[in-house]
Amino acid sequence: MKIGILTSGGDCPGLNAVIRGVVLKGTTNYNIEFVGIRDGWRGVVDGDFFPLTRHEVKGLSKVGGTILGTSRTNPYEGPRGGAENIAKTLYGHHIDGIIAIGGEGTLAAANRLWNDGINVMGVPKTIDNDLRATDYSFGFDTAVNIATDAMDRLRTTGDSHQRCMVAEVMGRHVGWIALHSGIAAGAHVICIPEVPMSITEIAAQVQKAHDRGRAPLVVVSEGFTLTGMDEAFSDKGLDAFNRPRLGGISEVLAPEIERLTGIETRATVLGHIQRGGSPSGFDRVLATRLGLHAADSVYEQAWGQMVSLKGTDIVRVPFAEALGELNTVPIYRYEEAAALFG
Amino acid sequence: MKIGILTSGGDCPGLNAVIRGVVLKGTTNYNIEFVGIRDGWRGVVDGDFFPLTRHEVKGLSKVGGTILGTSRTNPYEGPRGGAENIAKTLYGHHIDGIIAIGGEGTLAAANRLWNDGINVMGVPKTIDNDLRATDYSFGFDTAVNIATDAMDRLRTTGDSHQRCMVAEVMGRHVGWIALHSGIAAGAHVICIPEVPMSITEIAAQVQKAHDRGRAPLVVVSEGFTLTGMDEAFSDKGLDAFNRPRLGGISEVLAPEIERLTGIETRATVLGHIQRGGSPSGFDRVLATRLGLHAADSVYEQAWGQMVSLKGTDIVRVPFAEALGELNTVPIYRYEEAAALFG
Amino acid sequence: MKIGILTSGGDCPGLNAVIRGVVLKGTTNYNIEFVGIRDGWRGVVDGDFFPLTRHEVKGLSKVGGTILGTSRTNPYEGPRGGAENIAKTLYGHHIDGIIAIGGEGTLAAANRLWNDGINVMGVPKTIDNDLRATDYSFGFDTAVNIATDAMDRLRTTGDSHQRCMVAEVMGRHVGWIALHSGIAAGAHVICIPEVPMSITEIAAQVQKAHDRGRAPLVVVSEGFTLTGMDEAFSDKGLDAFNRPRLGGISEVLAPEIERLTGIETRATVLGHIQRGGSPSGFDRVLATRLGLHAADSVYEQAWGQMVSLKGTDIVRVPFAEALGELNTVPIYRYEEAAALFG
Amino acid sequence: MKIGILTSGGDCPGLNAVIRGVVLKGTTNYNIEFVGIRDGWRGVVDGDFFPLTRHEVKGLSKVGGTILGTSRTNPYEGPRGGAENIAKTLYGHHIDGIIAIGGEGTLAAANRLWNDGINVMGVPKTIDNDLRATDYSFGFDTAVNIATDAMDRLRTTGDSHQRCMVAEVMGRHVGWIALHSGIAAGAHVICIPEVPMSITEIAAQVQKAHDRGRAPLVVVSEGFTLTGMDEAFSDKGLDAFNRPRLGGISEVLAPEIERLTGIETRATVLGHIQRGGSPSGFDRVLATRLGLHAADSVYEQAWGQMVSLKGTDIVRVPFAEALGELNTVPIYRYEEAAALFG
């Protein structure tokens, strides 16, 4: 049995731990031969493979990024793309199936290929924690730790200068990183895509924290949008000079908060540091376990499914169940945290 | 409504985050008045209380330890102990109920008091993750991160000197910290209380890793015991000079591994650094949520229960269900990791 | 003897450790009475003082920020400013002298007040390490550690995506943080204010690293400027749409690097996280020692001077020597590192 | 020109950064060919060499340990040892000189070889900071950071349980790690080899801190010895049962402190975690600079010397000056810190 492994989409702490888990279990227990596929679906389409042995994966549980490289290539595009071409390429290299480690887009492509007759199974990867059908995905815990640590630092600066600090974290469509790091760091306002707010509401919460003698901390997901009906600010994608907006949402919020409250306010966009570097213990364990179970899955030919965390167990979920709707922050989780904001 | 809060048993990162969560939610949403109880059950017995306001808990989510102090006092012992005396003491201070944050022993005492007519509810606390009826307890994730980080460091020393490193982690009765940190750090042998091994088995795994060119890493729970029937070593609680043994189990293993394999071997007992300091993001979120739900529980008079993590939700579990048996590492979890050891 | 302490200018990890060092030594050894001055020179002008006892400074060596607050107030401005008014205010509160902890601007004001007859001594504070007459200043080491850690993270993302990463660090006038964190993180280009470069030079170095198979890492001080004579890019303070530029210099460089090399490039502005949070060991020791020696200095009435690090010793330097010229990166230090860039 | 590089003695964070600095500068600027020597002097004696190219050292600035391996072999011992044999071995491999990275013992051997006609230059390496003729050596800063972080953690446990915590750090002959980490962590007693104390003195300081409401923190160097004339305790190398003592000095102190003060006391031996893992920013910069200057030194044939840190500069020091006497903590540095202990 010969199996290809790919990582696709944005990188995420834990990818290498999954790869290591798959290869160690698959070679030792099932005598499976593995090949690494370079740069996600790009390598499938181009037939860009290399041998992946026990030796290649040693020491990888703690290494960030992915030794396979990654890209955002769609396997159905280009002259060598599409299920038929891919089937020929895999056949030509004697590859019996693919483990695709990726997010919503990757898994959707994997599902389509599976429906078109290619053996594919999935490992969910999303630093934003936006995938349904898994309690948590690896990378998320590391991102929350990095964001929390950064906000602990921002607080001392805020306290010393009696400033309001606005921290922008990842989360294009869902607010999990903002919610968890905001709870962890003791934020006074948490702005997430699922709960639009007006700038006057935000400013009011900032003012309230300030009135209690605190240096207000605002955490905002990159995908948060202000409610448009607000007189104080209308987010038409324009900046303060009425030009197409550059920069993150935090850089929109900070001057408006300062204008409305009179409190000196500073924005920090945490950016790419949230997705790089060595994974946390939680993420290493989760990613390794997903890798071990992915090896079981290919051995048992459980194609068309992904491995997933439920409670403390690793289970299998058909692609169809996992896709379609994002794992958004439920309103009760947001409201649960409201008592913390005072 | 006036509620006392206590922390009891060994300290644990996240205790202060629970206290903060309780007080913020309870005062803001339910207008509950809180008092801090000093040093666990000792403060209940002695009537050692102090006002616990919003102001007292500010900034606590990231602070390790417990501002309430802790002890191992049994509330049924001493001249002022016992349910009747305690009922009088609480009545005298107009305290309507107690939130007890603690482990197996604390919750057993809480349950007995509850059966004896005192309003008590619980928040599970165990750095070893040895409590049933909660998926994880706060403090455990922080301990795993600290142990993993320490082992990452030990590995570079092991590699440079071609030594075998033995790391001893917490876990008197269960091996969760050893299992998770061992998986995370890429250990070659994991020794836990649930799975006794002989010194010859351990030495054989060490030798195997060494033969593959690796510097062997052995992780051992403090509560691990060697199988007695082994000729190479008989753990009679004696040290190498036939004297009552001092020091941790790692200090027993290291010289024996060196003797059997000829590989230079060093032991490190991580000790108290695993339970101190600022909690991880995961633990701050879990502890804060448990605190918020504990405030709901006292408001709803849900006495005789503890709050608990199930999947991603906080639920309530009657004391009786939570007690009695420890949450040991199931054998399938240990075997799952075996492929990693090669 | 009664002495006031103030912190002025941007906050910096280690300020609280200085304050603690001063108060512990001064009260224990010399029986000096201390008052905290709120928000830098603002508190001097307004007479905003509070008692600063041993108890107030306990546990402060590891706490970021400043318990005294800080501001950028000029003591010579406003109706209550100026040496004469300040002398009266201090006399009215029986304050014999001031310890001013701050950077170039703060020390210049301190020097002027000293020349105008007020007892002032200084402790150098600059996260950028831009003060002459001290080998290093506290806060700098912490900032370098934070920037290095962030770049370690950026590298794994760069490697996985074969991207060029541009990291912008603090340093308005001098490039020390960029130089040291760039060496530490293995950067391929280091852009500092002292050494203007053209965008084509930068792009050429990026290309060279890329050609060797590396994901290029560019570190840039916030105060770096591109040479104007370059055809590829002219830094007129305009952005790509010919509008007054917003955002940091890294956000100017990244699209230009991408345009010239064809390598996908991302910018990250580390911002305020570099100056917050718990100080490193080095900074705690340096700050504490400066505080201890500042207490000696006031006891010995060594006014008009600042304490300073020379090699491994703390010495005293007259204000006049310390001021005037910034501690820029000497060209031999920049060239020393050039071999690392390949 | 062909140069061999070796690392010898205990490992230390920064060794790999030195190696990288040497190779990058030497190959790029001087066209020197490098070989790695395996396991210190052992590899010199055995002629165990391998090519060390630019490619081999990529990414090494942040990697702990040494890719060359290390040992404590004496080059003058064994049938193939001695200057004459070594000269032949090097000649046979066309090796023109050796860069030896190591501590007192390594440099003494290097000096002897140099006097016997072999081209050797040195790079000082000592995690304990016990070498004269360099202000600091790499590895020391990382060790202080790790020890400080560990003690921050121990303090929260101490505070919660009102315990005295004893932390044992490295330092066989000198107390630098104890002094700096003790200052950084706010210790109440610092016990170093240079300043013997009696157990009653230690217990008195512990009691004093306890009386001020603090949980006492004692830091002790592994090489500290109690004064023998003390009635309370006589350090005859015997443990409490009159047997040859096992375990660290902290395990001797803790029960005695508890006996004399009645305060519950716990010992933690930090051990090998202090010398492993990724170096701090300071150590990466220092080690890299030493490596760059070592490449200059061999190019300029500056044999018989070591490179060294003086203030902010890297200088050269003849072996003879560097050896003989250890860099102990001067008494004024110890007394300087005394005000902190109260």
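The first chain written gets the first letter, and so on, giving A, B, C and D; residue counts start at 1 in each chain.
What we mean here is this: contacts are C-beta pairs under 8 Å (C-beta built on N, C-alpha and C of every residue); 3 or more make two chains touch, one makes a residue touch a chain.
A quick note: this is a predicted structure, and the numbers were derived from the prediction, not measured.
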| item | value |
| --- | --- |
| Repeat of the A-C interface, chosen from B-D, C-D or A-B (over half of contact pairs identical by residue number) | B-D |
| Cα-centroid distance, chain B relative to chain D, in whole angstrom | 34 |
| Separation of chain C from chain D, taking each centre as the mean of its C-alpha atoms, in whole Å | 30 |
| CA centroid of chain A to CA centroid of chain D, Å | 41 |
| For chain A, residues contacting two or more additional chains | 152 |
| Arrangement of touching chains [line / ring / star / complete / other] | ring |
| In the complex with chain B, residue positions of chain D that touch it | 7, 11, 13, 15, 63-66, 69-71, 146, 149-150, 152-157, 159-162, 165, 239, 241, 243-244, 246-247, 251, 266, 268-273, 275-277 |
| Interface residues, chain A side, partner chain B - complex | 21, 24-25, 28-29, 54, 58-59, 61-62, 135-136, 141, 144-145, 147-148, 152, 180-181, 183-186, 214, 278, 280-282, 284-285, 288-289, 292, 295, 310-312, 336-337, 339-340, 342 |
